[in-house]
Amino acid sequence: MLGGVTTTLAISIFSLLLGLAIGLPLAFIRTYEKSLGFFVDVFEKVFRGIPELVLMLLFFFGVGMYFRFPFKIALFTAVFVLGLRSAANQSQIFRGAIRGIGEEQMVAARSLGLSRFRSIVHVMIPQVFIFSTPGLGSEYALLVKDSSYAFVIGVLDIMFTTDMIRKATFDFVAPYIAAAFLYILLTFPIATWFDTWGSRRKKTLGL
Amino acid sequence: MMECRHLWKTYEKHLIAVKDVSLQIKEGEIKLIFGPSGSGKSTFLRCMAMLTIPEKGDVFLREECLTKPGVNLNVARARIGFVFQHIYLFRHLTALGNVELALRRVLKLSKEEARERASGALREVKMEEWAHHYPAQLSGGQQQRVGIARALARNPDIILLDEPTSALDPELIGEVIDTLRDLAKKGTTMLIVSHEMPFAREVAEEMIFYDEGTIVETGPPEQFFTNPQSERAKKFMTRLIMKTKRE
Amino acid sequence: MLPFEFLFEYLPLVLNGLILTVEVTLFGIFVGLALGIVLAIGDMHGGKVVSTLIRFYVEFFRGTPIIVQLFMFQYVIPGMLHLPTNTYVTAFSVFALNSGAYQKGYVKGAMEAVFEDQMMAGLSIGMSKVQTIFYVVLPQALRIVIPAWSNEFCSLTKSTAALAIIGLLDLTGAGWQIMGIKYRVLETWVFVAIIYLIWITIVAKIADTVYERKKIPGIEISA
C-alpha cells in the first residue's frame, strides 16, 4: 500500500510543478499580452471543461495508439493530463492574484527602468506567490484526489494497490477505509500548512 | 416611556462599556447623549433597545420590564425603532421593500396595507421617489433616511438613534438632520447619540455627557454650551468648540 | 466520410449516457445546495457537537477522491452493515453528499460576510432570529454564492465521469463501451470530450444568466 502512496505523491507533485511551469507564464501572458488571450482562453476551457478521467482515457488509449511512446506509459499520461489541467487552474489563480496586487506595482517597477520581463520576475512573481497560497493549497489537494483516476489506466497508485489488496483478500471493507485515511492525510495537513504559511507571510509584509 | 436602572455591560472582562447607568426618558422628550469615542455610548444604546443584552440591570418600556427572563424580545423590539450608524439596510430589497419587511413579517399586515404604510413612511422622510431603488444605488444620506423610515414604519413608542450622521460625508449630513428635525417637531420620543452640536442645541431637551461607561453630567443644552459643571465635560466642550472654530 | 460517422449507430448509447450524467449532476447540485444551507446554519448555530460532526463529514467528502467515496458507498458500507447494493442509489447519494460538503463552505462564507450587520438590523425591526436568517441573511448570502456555485456545477459534472468506474453507463461509460467494440478509440474519446465541453458551456451560460437576473442592483460580486 505504501508503494502506492509514493506514486500518488509523485503524480501530484509533478503535476503541480508542470502546472506551475506552464500556468504562471500563461497568467502573465493573459494579463499583459492581450493578443494571445484567445489561445489561453481556449486552452483553459478545454483543460478545465473536460473530465480528467476522459482526458486520461483519451490520451492513453486514443493518442497512445499512434504514439506508443510516450503516451502508453501510464504514469507519463497521468502527469501530462493532470499537469495541463493544473496549468489551466493555476493560470486562473495567478491571474486573480495579479489583479489583486494591482497595476501600481508594475508601473512602479517600469518607472525604475526595469524591462517588462525583469519587472515581472523580480517584482510581480514573489508577490503573486504570496497571494496565491490558498488557491495553490487547494489545487494541490485537488491533484492528490484526481490522481486517483490514474488507476484506471494502470498506474500503481493508492487506488490501484487498494484494489489489488481487495482482490487478494476478498475484504471489501478495510482496504478502502485505509485508502480513505491515506488520502485525507495527504490532502489536509499540507494544504493547511500552505495556507498558514501564506497568511503569515502576508502579515509580515503588511499585505 | 423608557427607563433603565443600573445597567451593566462588559466586553472581554476588561472593557466595561456600561457601568451602573440609569436613565429615564418620558413620552415626547428628546434627549441627546454625547461624549468621547469609545466611551460605550453605542453599547449603552443597544442595551436599551435590547439588541445587546445587558449583564446586570433592568430596562423598562412603558413600565414593562424587558430584562426579565421569558419576555418575548421580538415583540418588545418591534415597539422600539433603531437607527444605526452604519445604516445596515437590507441590500437585497428596494427602499420600499426595506420599510415593508417589518410590516409584513412582524405586524403581519396584508400586502396592500403594508405598501401604503411603507409609502407613507418614505414620504415622511422625503424618499418616495426612490422607493424602487436598491440601497447600493442610493447615497449615504438617502440610505440613512430610508433607515429612519424603516424604524418609523411600525409607529414605535420611541426611536433610538446611534450616531445617525457619523458615517456620512459632510454634504449628506444636512438632509438627515432635516429629517430628524421634522420628527422632533412632530413630538417623537427620541434618544439620540450624536456629535451634531448645533442640532442638539436646537432640538434636545436634555443633553447627557457620557464618558468611560458612565453618565458624568446631565442638563439642558445651554448648560453645556455656557457653563458645564464637571471637569471632563468642560474639557470635552472646549476641545469641541476649538475644533468647530478651526473648521 | 466524417471521422465520427461510425458513432452514429451508437448514438442511443451515448445519449442515454449523457442523460444519466445530467441527471446525477442536477440531483447532486440541487440537493447539495439544500444540504449545504442546512449544514451551514447547523455549523453556525448548532452547538459544539453538531459542529464537530459536520466537520468530520466535510473533511471526509472534501479530503477523499470521488472514487473512494463511490467505493465506500457501493462496497464498504453495504459490506459492514450487510445491506443490498444498488449502483444508482450509490451514485445519486454520493454526489449529493459530496456537493453538500463543498457547498456548505460556500454558503457559510457568504452568510458570515453579511451576518452580523444584517442580523442586528433584522432584530431591530422586531423580527426573530429565525425570521432574519430566512428573509434577510439567506437571500443575500445566496446571491453572493452564485459564482462559487457555478464553479461547483462544473466541478461536479467532471466528477461524474467516475460513475463509469463503478459500472454505470454514463457518458464516459458509453465511451468505454464503444471503445471495447470499435477500433476507432481516439475518435470515440474526442467525441465524448466534445460533448462534455458543450454541456459545460451550456451550464456556464445558464449560471451567468442566473447571476445577471438575480444579482442585487448596484453590487458587483467578483468571482
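Note that the chains are named A, B and C in the order they appear, and that numbering of residues resets to 1 at the start of each chain.
The working rule: contacts are C-beta pairs under 8 Å (C-beta built on N, C-alpha and C of every residue); 3 or more make two chains touch, one makes a residue touch a chain.
Note that the coordinates shown come from a computational prediction; the quantities given were computed from them, not determined experimentally.
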item: Chain contact graph, described as a line, ring, star, complete graph or other shape; value: line
item: Per-chain CA centroid nearest to the all-protein CA mean; value: C
item: Chain whose average C-alpha position is farthest from subunit B's own; value: A
item: Chain centre separation in whole Å, for subunit C relative to subunit B (CA means); value: 46
item: Approximate Å spacing (C-alpha centroids) for the pair subunit A, subunit C; value: 21
item: Rounded Å distance, subunit A centre to subunit B centre (Cα mean); value: 54
item: Residues within subunit A bordering two or more other chains; value: none
item: Residue list for subunit C, restricted to those that touch at least two other chains; value: none
item: Parts of subunit B lying in touch with subunit C, wherever the complex brings them together; value: 49, 51, 74-75, 77-82, 84, 86, 88-92, 101-102, 105-106, 134-137, 150-151, 154
item: Complex contact set, residues of subunit A against subunit C; value: 45-46, 48-55, 57-58, 61-63, 65-66, 141, 144-149, 151-152, 159, 172-173, 176-177, 179-180, 183-184, 187-188
item: List of subunit C residues in touch with subunit B within their complex; value: 114, 117-118, 120-128, 131, 135-136, 139-140, 143, 216-219
item: Subunit C - residues contacting subunit A, complex; value: 59-60, 62-68, 71-72, 75-76, 79-80, 154, 157-162, 164-165, 172, 175-176, 179, 185-190, 192-193, 196-197, 200-201
